[in-house]
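Note that chain A is present in both complexes that follow, paired respectively with chain B and with chain C.
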Partner chain A sequence: MLGYRSFSTSSVSLKVGCAMVKPVHHRVKVIKKLLSPRFPELKLSPTDPRSPKFRPEITHQDRVQEHIHNTLRSDLMLINYIHGEKPAEGLKRRQWDFTSPYHINRPARPPKGEKVPTPTIMPQSWKNVPGIEKVVVHSFVANCTSDPKLNIGVSLQLQQITGVKPQSVYAKTNLPSFGLRKGVKMGAKVELTGRDASQFLSTLTELVLPRITTFEGISNRAGSRYGTVSFGLKPEDVLYFPEIYYNQDAWAKRFGMDITIHTTAQLDREARQLLSGLGLPFVGTEREPKLTR
Partner chain B sequence: MLSNVRTSIIRQVDYLTSGTQLHFIRTKRKKAGSDKSEVRKLVTQLSVLSANRKQPKLLKFSNEDYVKHQVIQKSWNLYVRDKKAEEANILQKQYESIRAANEDLQSVSKELFSFANTREPSKRFPLELRVPTEYPPNQIWHHDYTPKVEKKK
Partner chain C sequence: MLEMGQSEIEHSITGYSPPFVEVFTMSVRNFASVAAGSELAGISSALLLSRIPLVTPDLHPFEAAYYNYQNELKRRLMWTFPKYYYFRKGTVAEREFVQAQKYPLFKRPGVWFPRGVPDLKHGRDRRFKEEVTLPKQQERADEDDELSKPVVFNSRVTAADEAGDLTSLERRLSRTLYLLIKTKGAWKFPSFPLVEPKPLHEAAEQGLREIGSVNMNTWTVSNTPTAVLKYSNGKLLDAETQEKEVEREYFIKSHIIGGDFQISSSDVEEFRWLTKEEVEQTVEPQYYGQLGHLLSTV
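On to the complex of A and B.
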């Protein structure tokens, strides 16, 4: 049943065998009368401590976000302001000209030179100043094919470092030469937003990256073109996270990680400008995107 | 998961007279499940990951506390909303003023205008810029640092 939609879930299952979710026995009593759609006034908002969704999130100062809002955003707007700039139209799907009756219902052609449409880049204004959206920390461990027990260690390492519950990642394809089978658990990832992301970024820029002797900076060529910057940490670099550094005996086996920083910037260069304000160094030559302006 | 098998060594003894004979030597018997340290470690790791631990107890509030909580939450939301609006307002004013300044510059000096509007893709904030803390270190950065010059041989 690989690749098909499972009976019980809406997502396409990549996992091996039957879909089994480990039972979490309900520690929270569900008050059924509050779930009923008949009495919307009784519905609890997630900010209500009686709601099972309640999380006391605003427990401490968010230094990184405050720095972005107090110092960086106005500068970023002024750096990227170009007077009289027009929106740079992205490449969109090409419609058929309907000269043939067969063009009806035929899907539009992909954009020229691309597989998916590219976004239209709007000129810099006070409404689209970039900010941090989320940080994804992803550990793919190739040895998991031979030693599935490693999955526990990877998940735990991510959880200890970020303080967020990790999700498992599964092999997407069959690669017999690497012993990779589709659906095998191959590591873990966490998605950090809000205060967790800020905490992770400040740990990274203040404690981890300055201690890595071989680290010169993030490559100026790394990124998804449209505002996402990513880089990797090797297992020996992961040592410098304080959770691991001060308990090295417990972490005999360490795992590398790929860090992807999603920003609301429209282009990578704007994202890099934002991240440089948080103390992330960048090296290498810059690649300017070809925009039809 | 782990091998609890008794390790026996089979030794081949070659007797000139009687040909090859197999000779069994018993090693010390491992008790079943004696080497559990790795398993125990994994179990501990799993228990740290377990969802059971992460479910905190429901806070018990009196009615008065609920009202207090709601008031605080509501006022916090208002505070955040006002702060956002204020920031947007400042940014907008800045934007308007730089636009007006550019229009003036365009009419005064074309050369300066084009100079002011060249894109700087590799513009960065200086690395010395720090995210402010309440307790900054005594030495913020090594202002008199000069990189070591390698001696030419």
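On to the complex of A and C.
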């Protein structure tokens, strides 16, 4: 009876000399600074202006979000609305039929033709109209293995462009042929939400992408199938960000970046409809997941 | 195979057929048997043509005050400008930048400061926000000096606003405008009876070009109608009417992207581009009551 918990001692059936079950009162985490009366402002929520952690977030009108809310949402709803539509079931893990006693505790089989389950696509309603969730800008620099100082430049470039403090990214695997070792710092990334994301998107669509002569549009096949769209900028394209363009002397070395736009759309098609409304062009043939609307 | 076929038929019988499907089935029947006109008589396609806002929405004074307060607070909490990063020490650019700055008072013993005792770190008074002044580039004053030039905004009030021109697309830039036309003395959204079997959105777009001009670039949002009005002998009925013999007017949503509406049909007496509130005052109350919720408040 392992699942049966007695609070002071371990179960009688286990017959060991000491308690294997930790007492409950040790599990209650106590933050001592909050018990102390000396720092009352630490007890305040970070959203309270009296808290030392408070940072004002809503400092400007967000014209990208306002455009989405005032103009795009009703259009997206109408475009994808199908009267009397039913949810399109995704492929889920297949349970065993328990005809054999060995089926008990056996893990469920993967979905048919897939390795991971696919989401169920719900009908379009006013509750699930797509919106921008976050924008991730990621720079992986292969030369960091030989020149680790490049990490400073990458982080600085991302901070200059987005105005948000970057996080370092590390190699996940060993690849001896590329001189890659697990755990080595290989660049940086930033996650943008709210007004930072809006600001980055409008800079991209109004200043950067129109100036790139070789840019034709984001590929219609670029995406996670379920509402996330990604594309890349080369080091020579990054020049056109105004923060870099007007201070080119300081940016002798520039780094490319991968931009991933996470939306609340259920399918890439809907995400592209939203992003086209924000001025991002798309080219090429489309790819639709099976068994969906 | 047989089972599948039966289930499909059952589904099509039991399933609710939306109004726009009804149109297509009727049109197919027309092709097959009777001539157009009699079956399409009760159907018309109307166009909800809008010009989306061109500038950001006008702020309520409270919103403006809130943004200003939060912005000033954020500037107060910001890091000090890293001069050492942008201007290399000992260069002309650095000297010009340093000369252009207004540095705060520093703390001295025995001196009374009416605005409070300064709290200086790296040449910045930490009690206030930092003001960074860019140096004027004297040598290149004739060139287009983008960075030090003050930003001057264009007016949000246009000439059309001042003249009260309701037919201009350049009025009320921060609002969504809708096209209303006056036919037979009544103000309505442009509406076109279906004379040949074709999709509703195509009929609406074609009709618009007949009464307006072809020099107009519009974008139809969807072929799904956004609303339907029911009439009996030309009289508007309630939305929940149970009458069987009704004429239906389907509304297709569209945006004008380029060009302008110019009257090119004698049926149209007048036209206006109006906001939601102006539409309410122009059209019949019953007509607005069934369509008002489709119009944008921004």
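The working rule: the second predicted complex is superposed on the first by the 247 of 293 C-alpha atoms of A that agree within 3 Å, B and C clash if a C-alpha of one lies under 4 Å from a C-alpha of the other, contacts with A are read in each partner's own complex, and residues count from 1 in each chain.
Following the convention adopted for this analysis, a residue touches a chain if its C-beta (ideal position, glycine included) is under 8 Å from a C-beta of that chain, and two chains touch if they have at least 3 such contacts.
Computed from a predicted model, the values in this text were never measured in an experiment.
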Query raised in the report: Which partner does A:K165 contact after superposing on A: first (chain B), second (chain C), both, neither?
Result: first
Query raised in the report: Which of the two partners, first being chain B and second being chain C, lies in contact with A:T59: first, second, both, or neither?
Result: second
Requested in this report: Look at A:N247 in the shared chain and tell me whether it touches chain B only, chain C only, both, or neither; answer first, second, both or neither.
Outcome: second
Requested in this report: May I ask you to decide whether A:P281 touches chain B, chain C, both, or neither, giving the answer as first, second, both or neither?
Outcome: first
Report task. Considering only the touch criterion stated at the top, classify A:R269 as touching first (chain B), second (chain C), both, or neither. Result -> first
Query raised in the report: Should A:S155 be classified as contacting the first partner (chain B), the second (chain C), both, or neither?
Result: first
Query raised in the report: When the two structures are overlaid on chain A, which partner does A:H83 contact: first (chain B), second (chain C), both, or neither?
Result: both
Report task. In the overlay, answer first, second, both or neither for which of chain B and chain C A:K115 touches. Result -> neither
**Report entry** chain C versus chain B, contacts on chain A by residue
**Finding:** B
Report task. Overlap the chain B and chain C contact sets on chain A and report the shared residues. Result -> 49, 58, 63, 66, 71, 74-75, 78-79, 81-83
Query raised in the report: Hey, which residues of chain C end up touching chain A in the complex?
Result: 15-16, 18, 52-53, 56-57, 59, 63, 66-67, 70-71, 73-74, 77, 85-86, 146-147, 176, 221-222, 224, 226, 253, 296, 298
Query raised in the report: What does chain B use to touch chain A in their complex?
Result: 42, 45-46, 48-49, 51-52, 54-55, 58-59, 61, 66, 69-70, 73, 76, 87-88, 90-92, 94-95, 98-99, 102-103, 106, 113, 116-117, 119-125, 127, 129-133
**Report entry** List of chain A residues in touch with chain C within their complex
**Finding:** 49, 55-61, 63, 66, 70-71, 74-75, 78-79, 81-84, 246-247, 250
Report summary line: Given the complex, residues on chain A that touch chain B span 24-25, 27-29, 47-50, 58, 63-64, 66-67, 69, 71-75, 77-79, 81-83, 125-126, 129, 149, 152-153, 155-156, 159, 165-166, 202, 205-206, 220, 269, 272-273, 276-279, 281-282, 286, 288
